[in-house]
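Labels run A, B, C, D, E and F following the written order; every chain starts at residue 1.
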Amino acid sequence: MIDVLLFVLGSSLMVLSAVLSLIGAVGFLRFRNFFLRLHSATVGSIGGGVYGLVGLALLTLSLDVPGYLKYYIFGVAIVSAALVVFASPTGSHILSRAAYRSGEAAPRPLIRDKLKEAGLE
Amino acid sequence: MRSRGALEELGLVLSILLGVLLTYYLVRADVVSLTYGNIPLANLYLRAVPDPSSPFTSRSPEVVTSVIWDQRGYDTYFETSVLFIAIIGVLYLAGLGGGQGNSSVSTVIPRVIAKILFPVIVAVSVSVALHGHLTPGGGFQGGSIFAVAPFLYLLVFGRRMLEGKGFRANALVFARSLAVFLITVVGSIVLVVGLLTGVPAFLFQNQPKPQLSPIGYPAYVVLPWGGIFLFSGTLMILNVLEFTAVSTGFTLALVIIDTVTGGRE
Amino acid sequence: MKRLLVVGLSIALVYLVYTGTLSVVEVLIAVGIGLALSRVIGVDLVKDESKLSVRRFFEAVKYALKYFTVIEYLAHYSVVKAILSRDPGLKPAIVEVPYYVNSEIAVVTIANSITNTPGTVVVDVDEKRKKFYVHWIFAEAFEGEEARRGVSAEFEEWAKKIFD
Amino acid sequence: MTPVIILLLSAFSAVMALIATIKIVYERDVLKAIIISGVESLFYSIILASFLAPDLLIAYIAVGLGLNSAILLYALRGGERYEE
Amino acid sequence: MVDPSLLNYVLPVVLGVYGLAYSIYSIVVLRGPTVPDMVLALDVMTVDLIIIYLLIALYYESPMLAIGAIPLASWILLLDFVVAKYLLEVRKK
Amino acid sequence: MIAEALFYLIVFAVGVTIGVSIYGIIVRPHIVKKLVLLTILTDAANVMAVLFGYYLRAISPPVYPGGSLEDFAFPSSAQLREFSSISVDPIPQVLIVTAIVIGLAELIFLSLVAYNIGVNYKTLMINKLEVEEE
């Protein structure tokens, strides 16, 4: 019984997450500026990545396959979900900082810029 | 995009034509084919390498790594030497010295995250290298994964921190040379023993060969608490040595390149 | 000593998960590698040994559960609505958010929590004056306590409980 | 039997790799060319995964995505970024 | 225990949608007007690629194909760091 | 049928990639771009060699799968025959691992050479180099 529950939960998480990943991709096409795209990238990597990995782990745990395959994919999915949670925001942060400071991509539609007012260069 | 001359257009067309011809002959001569199975040579390797009763066995389920270190061991040794010589060349071109230690991408966030990621990468790379004879991977793959960890520290903290952790240039050169030397020793020790005792043996020989040579490395040890520990003769030893050589070599190359290109103002 | 064991065993756990087997030799190798690595860089990871306690660990688990269900759901909902609607109604601004925690890892926890919720991204950190500069897509306030209430107040509460 | 959807994914990746190569040849900004070559190694790594070569896959993600791009970017510091 | 043949209903759908997202991201990478855009799309593409690896491994029922997932996840940020370093330091000259 | 068409499409795309990257190496003047295209040429050739070893019935990588360590150490002959009928060809993969190592070594060396050219001659373009030397 609990297996069926896990299977349904895992597969619905995966489908939800795949749709979120698609929405993130659409956001990339719709937003016109790098600093706006950062947010849709977060949708793509957290909503589309971490939830999908957790769902995949739950789904694998419920299957009737040999143990080494099951627990291996479960462990790999959980550990890589944790790594994505640590690594992906750091990458976004350091990239946006470099883009702002080097002037490679200017945050054009902006109603107020406290960073410029602070004069932190 | 600037306008292209007629000659360049012709060149592009010719190169695409080259690709098309290549594909056509590969498909025509059945080099790439979906319907046939493996060629006999592939079947020979796939059946003989994991099979303990075969004369060409290496007692390892991983066909790729065992072909690399057993059946073509001599070749792989020289390929490692090519990497060694390339890094010596880099050292010669660079001339160590100069270069300031600090880094520009370092706020508090990458500093902490790099510290968290470093042990994960090292653990993964050691696992890849140690199980090269059981699962996909091996010395080279593990070494190139390992090189990412010091590179991360190099990017975030600069060269000083890396030197504080023990990754000094002299130590790296020493470890690398020692590993390459030990690969030679491991490869030739069976030959030396054979010469001394008067039985025939080969360079980079792993398991004993039934009609040709009666000596060789053992394939596994029986553990005192039951069960066996399979290390497939030379395969695991050579993987560990290659892991040392490649990881220190890449770290050295990255440190040198960072020093040379970062030191100029 | 406690630091050595905790860091070493967690590295050994990662090693065992990646290897995928659980024989005696593997466990021995894993513990050996974990202890050796934790001797080299354990000092970097855990500065203050007295903070390693079970209570803080359970607080972290509680925070992770709440973060990945409630907070992420709300943030994703607003950004997905903005992506899919015809007129997004964005008010992007870079706002100044102060923080009041001391340890490095607490700062990083807050910053990564901010970046991981869609809608807010930490662009820069001023470590001397203790300020985050956050690109906020639905900006309501620009500085001081109001901005902090909108962006990071809850994360900071949890980070204080877990790491400070 | 290999599922068709995996082959479809690999075929898409191969075609995108071809397009990326053509774009690299006509790209003026060499920094962009290096990043596109990183993407290209991602495309090829998906082909390697679906054609059952895990040994190469693991060497490839380390070398192609991590080290190659980094080394080329270091080399680019010696001179100008744009190609005339 | 759930019968693995049920996967035949779930996996093609998930793999298809992820493949679609992956293809849109790859088009964005090739098109993206500025350098940071391209690197950002590459990051998200990498996350998608991790899931696709695991799904392929589940499809073939061979754990060896999942071996690339953790290394790939642990240097999503490497290219970001390198490009950021280049942008910040070359501008200074 | 669909599978075969897709497979030949992959072979065609990789083959044309080889041709285009050779064209780029010859025509483009920037040294670093030449190096980028050189890595792409290597990658495409490697992938092409992996395609040689593939066939449609293959579902296993060239690693003998076993549940426990005893299975790894002592496989029977019948199991091996079955394994060799579902595994892909290992020989191209063996050759490619060697090729990747040598390619990386050569890239490290050449990139430092390119950097030194850029520092000493103040440019990385081949055509401007020739003008300066006259």
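We adopt the following convention: a residue touches a chain if its C-beta (ideal position, glycine included) is under 8 Å from a C-beta of that chain, and two chains touch if they have at least 3 such contacts.
Small disclaimer: the values here were computed from a predicted structure and weren't measured.
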>> Applying the touch definition from the top, give me the chains sitting in contact with each of subunit D and subunit E.
In response: B, F
> Quick one: which chains contact subunit A and subunit F both?
Replying inline: B, E
> To reach subunit F from subunit D by way of touching chains, what is the minimum number of steps?
Replying inline: 1
> Which chain's C-alpha centroid is most distant from that of subunit F?
Replying inline: C
>> Can you compute the centre-to-centre distance for subunit A and subunit C, using the mean CA position of each chain? Integer Å is fine.
In response: 14
> Using the average of all C-alpha atoms in each chain as its centre, how far is it in Å between subunit B and subunit D?
Replying inline: 21
> If you average the CA atoms of subunit C and of subunit D, how many Å lie between those two points?
Replying inline: 32
> Counting only residues that touch at least 2 other chains, which ones in subunit E make the list?
Replying inline: 35, 39, 60, 62-65, 67, 70-72, 74-75, 77-78, 81-85, 88-89
> Do you know which subunit B residues sit against two or more other chains?
Replying inline: 64, 105, 107, 109-110, 113, 116-117, 120, 124, 128, 135-138, 140, 144-145, 148, 151, 227, 257, 261
> What are the residues of subunit F that contact at least two other chains?
Replying inline: 3, 7, 16-17, 20, 23, 27, 51, 54, 56-57, 59-63, 65, 69, 87-88, 93, 97, 100, 104, 108, 111-112, 115-116, 119
> Which part of subunit D faces subunit E closely enough to touch in the complex?
Replying inline: 3, 5-6, 8-9, 12-13, 16, 19-20, 23, 29, 31-32, 35-36, 38-39, 42-43, 45-46, 49-50, 52, 54, 57-58, 61-62, 65-66, 69-70, 73, 76-77, 81
>> Could you list, by residue number, the parts of subunit B that touch subunit F in their complex?
In response: 8, 11-12, 14-20, 22-23, 26-27, 31-39, 41-43, 45-47, 50-53, 59, 61-64, 67-68, 72, 75-76, 79-80, 82-83, 85-87, 89-90, 93-94, 134-136, 138, 140, 144, 219-220, 227-228, 230, 246, 253, 256-257, 260-261, 264
> Which of the residues in subunit B end up touching subunit A in this complex?
Replying inline: 105, 107, 109-110, 113, 116-117, 120
>> Quick check: in the complex, which residue numbers of subunit B touch subunit E?
In response: 103-105, 110, 113, 117, 120-121, 124, 128, 135-137, 145, 148, 151-152, 155-156, 262, 265
>> Show me the residue ranges of subunit A that touch subunit E in the complex, using the header's touch definition.
In response: 3-4, 6-7, 11, 14-15, 18-19, 21-22, 24-26, 28-29, 34, 37-38, 41, 44-45, 48-49, 52-53, 56, 59-60, 62-65, 68-69, 72-73, 76-77, 79-80, 83-84, 87-88, 90-92, 94-99, 101-105
